[in-house]
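Below: a set of structures, written as structure tokens.
Here come two complexes built around chain A, the first alongside chain B, the second alongside chain C.
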Partner chain A sequence: MKRIALTLLLLGLATGAAWAEERFPPPEFETGYELPDTATPPPRTLTWERIDVAVLVLALSLATWLVLRKRSRRGVAWLGVGSLIYFGFFREGCVCPVGATQNVALAIFDSSYALPFCVLMFFVLPLGFALFAGRSFCSGVCPLGAIQEVVLLRPVGLPDFLERALRTLAYVYLGLAVYFAATGAAFVICRYDPFVGFFRLSGGFNMLVLGGCFLLIGVFVGRPYCRFLCPYGVLLDLAGRLSRWRVSITPAACVQCRLCEESCPYGAIALPSPRRDARARAAASRRLILLLVLLPLLVSVFAYLGSRAGKPLSLVHPTVDLALRVAAERDLSDAKASDETVAFRKTGETIVDLNVRARDRQAAFVAGGWWLGGWIGLVIGIMLIGLFTLPVRIDYEADRGRCLSCARCFPYCPTGHDRRRTLTGGAA
Partner chain B sequence: MSRTSRRDFLRGLTLLGVGAATGVGIVRAGQDDTVWQIDPMKCIQCGRCATHCVLAESAVKAVHVHLLCGHCDLCTAFFEPEPIDLNTGAENQLCPTGAIERNFIEEPYFSYVIDEPLCIGCGKCVKGCEMFGNGSMFLQIRHDRCTNCNACSIGDACPSKAISRVPASTPYLLKSTH
Partner chain C sequence: MTGLRATWRSIAAIAVVFSFIVLIVMLGLYLRPTGEDPLDSAKWQDLKRELSDRPADQVVADRLRKLDLDLRREYFGRRETIRLGGTLLLIGLLIALVAIKRSDRRINPVVDPLVMEFSARAMDRKVVRSRWAIGITGLLLFGGMAYLLAAVPAEIPVPGAAELESPGAVDQGPPTVEVLARQWASFRGYEGSGVAPDFEVPLTWDGAAGENIAWKTAIPLSGANSPVVWNDRVFLTGANEKKEEVYCIDAKTGAMLWKKGLIVAGRREEFDEPMEDTGYAAPTAATDGRYVFVMFASARVAAFDFEGRQVWLKSFGPLDSSYGYSSSLSLFEDKLLLQLDQGYRDDPKSRLLALDTATGKTVWETPRVVDSSWASPVVVYTESGPQVLLSAAPIAAAYDPETGAELWTAEVIEGEVAPTPIYRDGVAYFVQEDVGLFAILASGKGNVTESHVLFSNEDGAPDVTSPLVDGERIYLLATDGYLTCIRVADGETIWQEDLEGNYYASPSLVGDVLLLTDMDGVTRKVAAGDGFKLLGENALGEKVDASAAFGPGRIYLRGKKHLYAIGVK
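Let's turn to the complex of A and B:
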């Protein structure tokens, strides 16, 4: 009896049967044995995704109200903790607007990809709020921001040039993320999200170490990921510059008391520009003209470099990688077959077809490389212009783009205290 | 005529653009929600499902469609290639965690039931079943565990690109008799 199976097995092998042909016909049981069902537990996340969108709208509205109307630092801080618990630890950080940027990029460039409704809402809602009320999302809704907010214990300021240079990194990262998502290679923002491992309480060793480093730096340098890397922060920054209403440090008129100068751990308070003589102003405008002339040159050079980098970067794409592996194994007959090439042979696709697909992806990488390079050149150029030109500003202002609406500066303004006392005094 | 500042103008323009894009997005948005799933016909049982999930205990488990199973005595999904004996001794078993229960039904048939909490999704049994058996065991993402990440971390690592999004109304790709 024991060997029946083995005989059947050999029979099956002899006919080269595929699974569907049933090498061993399922038996008819005489004892009335009933086959157990295969359990298929339903997806647990779908209703939650709808609830997430509702919670997002609620939290954004609450953050906007707390910052612009209530001017409450404590309220914003607690909202941040709440968001960290809900979006971070409870919902495990997925899907978030930062990552949704990649879905949107993929949907624009790949018509076969249907962007889920909830992901679209996650991408659009914080931007819509930013166009009217500044970066409410960053202030108390984003779990990535909130986890860095709670570790910020000893804030130190950064020199202006360093701050500007580091901020450019976020623009470059946005360019790269869109580039890799649009070419269908990978979602790099999700892959290198430093904090999601903490939210899930599991993750790769390297990512946990990276996240730990960010938190460690975050003790001294306020929100390093948000300011110097977050790709979605770049979009919110740009939208925030157009915002209808804005965070103002003082609820009344600025009395130039300088008390708020050190209050912002994120370098978002723009100081009044010093008085300058005519010679300095003339030199500054000469520099501006020179930089504006050089800008197209810079963009062109970087665009060219980007196109040259397209081919090496295309190795990230699985199809290109597979085509190279297959070619390498064909050339070296004694090479050990990798899992990828074994899987490729199982599909029955010809090497010619694979190479056509790989070349198509490579062409997309080169074409995208021009844009990526141009973008990097542009942001570096604009950074230099900002560094070498002199702004004209009279009062202490929260920079529309950079301000994370954390409300830390409000208690520092004496005008605010004055007003509060007058108001409560009047009421009593 | 009211005064429109440059900022108001740019904001209006951006709103128009974002609004139009959102409208297009909503119209084109997938009607059905989607979840990740493994196509068992593409899977080559490389073992990365056990190691590449963001969850410490992978969301991928082996499943068994009993209707397709030959209920063999010498099950190549259950036993080592050259078992010392055809019994449930650990030294004879292929599964590293002993997650397959083998029970006698009637001469000469045995049932093989997967104990999911023990399964780590390594796919060793699946490989054995595919190679010499009916292929009634295969790997599937279990949706009571999957967190439905935006980018599936196993899918990124999968050598055969067998993981893709499927409609949430049909969240499993089970083999059948058709």
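Let's turn to the complex of A and C:
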């Protein structure tokens, strides 16, 4: 019954925001005036950008302190609420480090694109903190994570195999996001951000339904977007593996009580590894060597396929899309002119020049396709290799990369004060 | 503690009910038929149409204004209500969420160490399942990418690709007029107009950077002649004082398919060295899809088949032409037309010749009492039949290309003539630097000087380049870059503009864009119209004297040393 009520609530949330998407029908100007694009919030002033960066630094520092020093789950939760309000509803979810990944990719591949300082800071700072203190950003600073954290009411653990398979998607999504940004096609992370519609109380119907679905799933599966799709999470995962300090489930020595084993709703607690005999270790070594030899082959196959998929993927680019629309209209007598093709014809540009530009873009997609395919092959290969290595772990540990620093595991540890406080209802 | 949780539960229940009621009310508002988008209102559209039919009708205008205002008021009112509802819903949902959390503060179930499986075998099972999962994920990604390849067509059409696959030569008979109109078979294309067929060609290029340069091929010997094109073959010639060569180039790749020197039996006749600007190979070749016909300053004329075999050769020299001979070849059915204007009218040696394209034998010959001319003959198709137009002092003249009979003449030309006449919509246009432009109705007989000259205009007449007409305007480009636009309807000058650069290449028209290539190889794009508008410039990076030629997806520009195909690779 409660679940039904929750479902209703979430769908209602999505529907309410969907209504907000309706636009005021503009008057029919006859002066050639073009309405400005209002799909994204207007640029913020320099002062506000500096304030945003300052708030980000403050929030990251506070999150790091709450997780590593204070070990306060409650503090992290309230920080998340604060971030949700500021970075989410107040700043309307933009700029965020997740989307900034694309700006950085575009800046690297397009010298004519000037990367705003604020965007650069939003990209770099959480990664910098992750290098030293783990994923502080995910713990209570990211508004996308915070909104999912809020709705997590009945966490259900996913089977390990499903968890790993789904996690692959985040790597693929990162590759695609960089690919599309670098080729100048689209900022897909922003376009398909499932939560920004809620933050702005506006958005396309599909986007809001997508966000509603994520929140609905998020009631039972902890932070599905963060774990299985977030491209920036991949970078934070990699940075977190190198971090100097990190979350420790226990503040003291682990007594192997196993009480925390199922405490993490994000599947980020690594169990102690069982002992292996010499034969098993030798067999594992042989398999590892074989896989390492096969890795370049796997990468090459995927890279080739990626290059071939470059042309179909280039359809995302507006120029390529326009060129094909124009060609279709010319070849098919019954093809109806679209707004885009009508606008194109008014520019006076020839079809050939349009096609030349489109083919130029396609060439970039094909070249980038090698890297995209290679990246996917590399991810699959390394994940498989990781499963053929024998870990050596003595205690229960928060996984260096995957731990979101949410502090949910702290109360489970009998060696910490948090546990006692929880069991006594906060009276300790 | 239990009491507090019960309170939270009650709050949660109230919040859920409240949110549900708001949701229902909003649904009702949303589904209500009134309050539609004003622009979708049938009544509003009817009134708008009515006003468009009777724009001066103030009553209709007032009704439309009032209706528009009412509709917008209603629309905004509804929007405000929905916005308020959305806010209330959001607040209700947030309260419900917090209350649910507070009412049920349980931590995750703690595992029971006694029942948990914890062994190497169990871990191995997990790992094996994970390996399979990753493997299957990889296969799915592989399959997804393969599906993209197979199912999503994304080939951007390459301009002229299909035509460039067409066979180079035709087997039977001379080409029809319709076929000729799609080829660039002689100087300035069909009817010598300089107007490109509706091929899709790029209008932006950069020779140095290689932008839109499909290929670039070195031409061994220089020549002022322009390329001619037949489907996938491009022909041009080059010569010096010792050698005369014909080049056949693959239009697709730029590969030199063959290069042939003229086979001349016996001793080569001596002739006066031409002026440097004219050179030994000024006449542009012509092709009928079976043969390519070439001519040089030596007055040697030859035919080659598409495989590069010399079919016949005739010599008409030496010609009495100061500066060097430069008239290009023209074709009418199975006749090759030569304008052998030379010397002066008081010692007439000039003539118009028609040679059989298959054998080179003279079919007819018409003497002309004219001075030397450097213009070229053009065959045009008038309502009364085909005519070949010739320009040489003192006459602008038209002949029957079938018999060589003179059709009409107009005594309007003086001095030395290089611009080739053009024709459009029943009117022939002749230009000479000193006398200007003459528009002559092509329907006359005999001497039409007094009867058929529509107008003349002395503004901006060029000394080398040929004029161009777009149907409404005539464009004249002087060597020094002075571009003049004259109205066809009354012969009045519409505008004049002094462009940078010096020009030997005649102007071309692609769609509504004039292409004007100066001697430095810079092509200026000017909008064809009643006002001057420079659209841009393209640099070839090599000096250019020859006029542009056009083929499917390609513009051909001959530089001093290379032939450039501008198009998509």
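The criterion applied here is as follows: the second predicted complex is superposed on the first by the 366 of 428 C-alpha atoms of A that agree within 3 Å, B and C clash if a C-alpha of one lies under 4 Å from a C-alpha of the other, contacts with A are read in each partner's own complex, and residues count from 1 in each chain.
Definition applied: contacts are C-beta pairs under 8 Å (C-beta built on N, C-alpha and C of every residue); 3 or more make two chains touch, one makes a residue touch a chain.
Quick caveat, the model's predicted, so the values are computed rather than measured.
In the overlay, answer first, second, both or neither for which of chain B and chain C A:Ile380 touches.
second
Pick one for A:Leu153: touches chain B only (first), chain C only (second), both, or neither.
second
Please work out whether A:Gly306 is in contact with chain B alone, chain C alone, both, or neither, and reply first, second, both or neither.
second
Need the overlap of the two footprints on chain A, from chain B and from chain C, as residue ranges.
Dual-contact residues (chain A): 2, 5-6, 8-9, 12-13, 19-20, 22, 24-25.
For a test of understanding, state which residues of chain C touch chain A in their complex under the given definition.
Chain C reaches chain A through residues 1, 16, 19-20, 23, 26-27, 30, 37-39, 75-76, 79, 82-83, 85-86, 89-90, 93, 96-97, 100-101, 104, 107-111, 113, 116, 118-120, 123, 126-127, 129-138, 141-142, 145-146, 148-149, 152-159, 200-204, 212, 511, 535, 553, 567-568.
In the complex of these two chains, what residues of chain A are touching chain B?
Spelled out, the residues of chain A in touch with chain B are 1-6, 8-9, 12-13, 19-20, 22-27, 29-31, 33, 35-46, 49, 92, 94-96, 99-100, 102-104, 107, 114-120, 124, 127-128, 131, 186-187, 190-191, 196-197, 200, 202-203, 239, 241-244, 318, 338-340, 342-344, 346-347.
Note which residues of chain A are touching chain C in the complex, please.
So the residues of chain A touching chain C come out as 2, 5-6, 8-9, 12-13, 15-17, 19-20, 22, 24-25, 28, 150-151, 153, 155, 159-162, 164-165, 168, 172, 201, 257-259, 261-263, 265, 271, 273-276, 301-302, 305-306, 308-309, 311-315, 320, 323-324, 327, 348, 350-353, 355-356, 358-359, 362, 373, 376, 380, 383-384, 387-388, 408, 411-412, 422, 425.
Chain A touches which residues of chain B in the complex?
So the residues of chain B in touch with chain A come to 7-8, 10-11, 14-15, 18, 22, 25-26, 28-30, 33-35, 42, 44, 46, 48, 54-56, 63-76, 86, 105-109, 111, 113, 116, 130, 132-135, 142-144, 146-151, 153, 156, 159-162, 168, 171-172, 174-175, 178.
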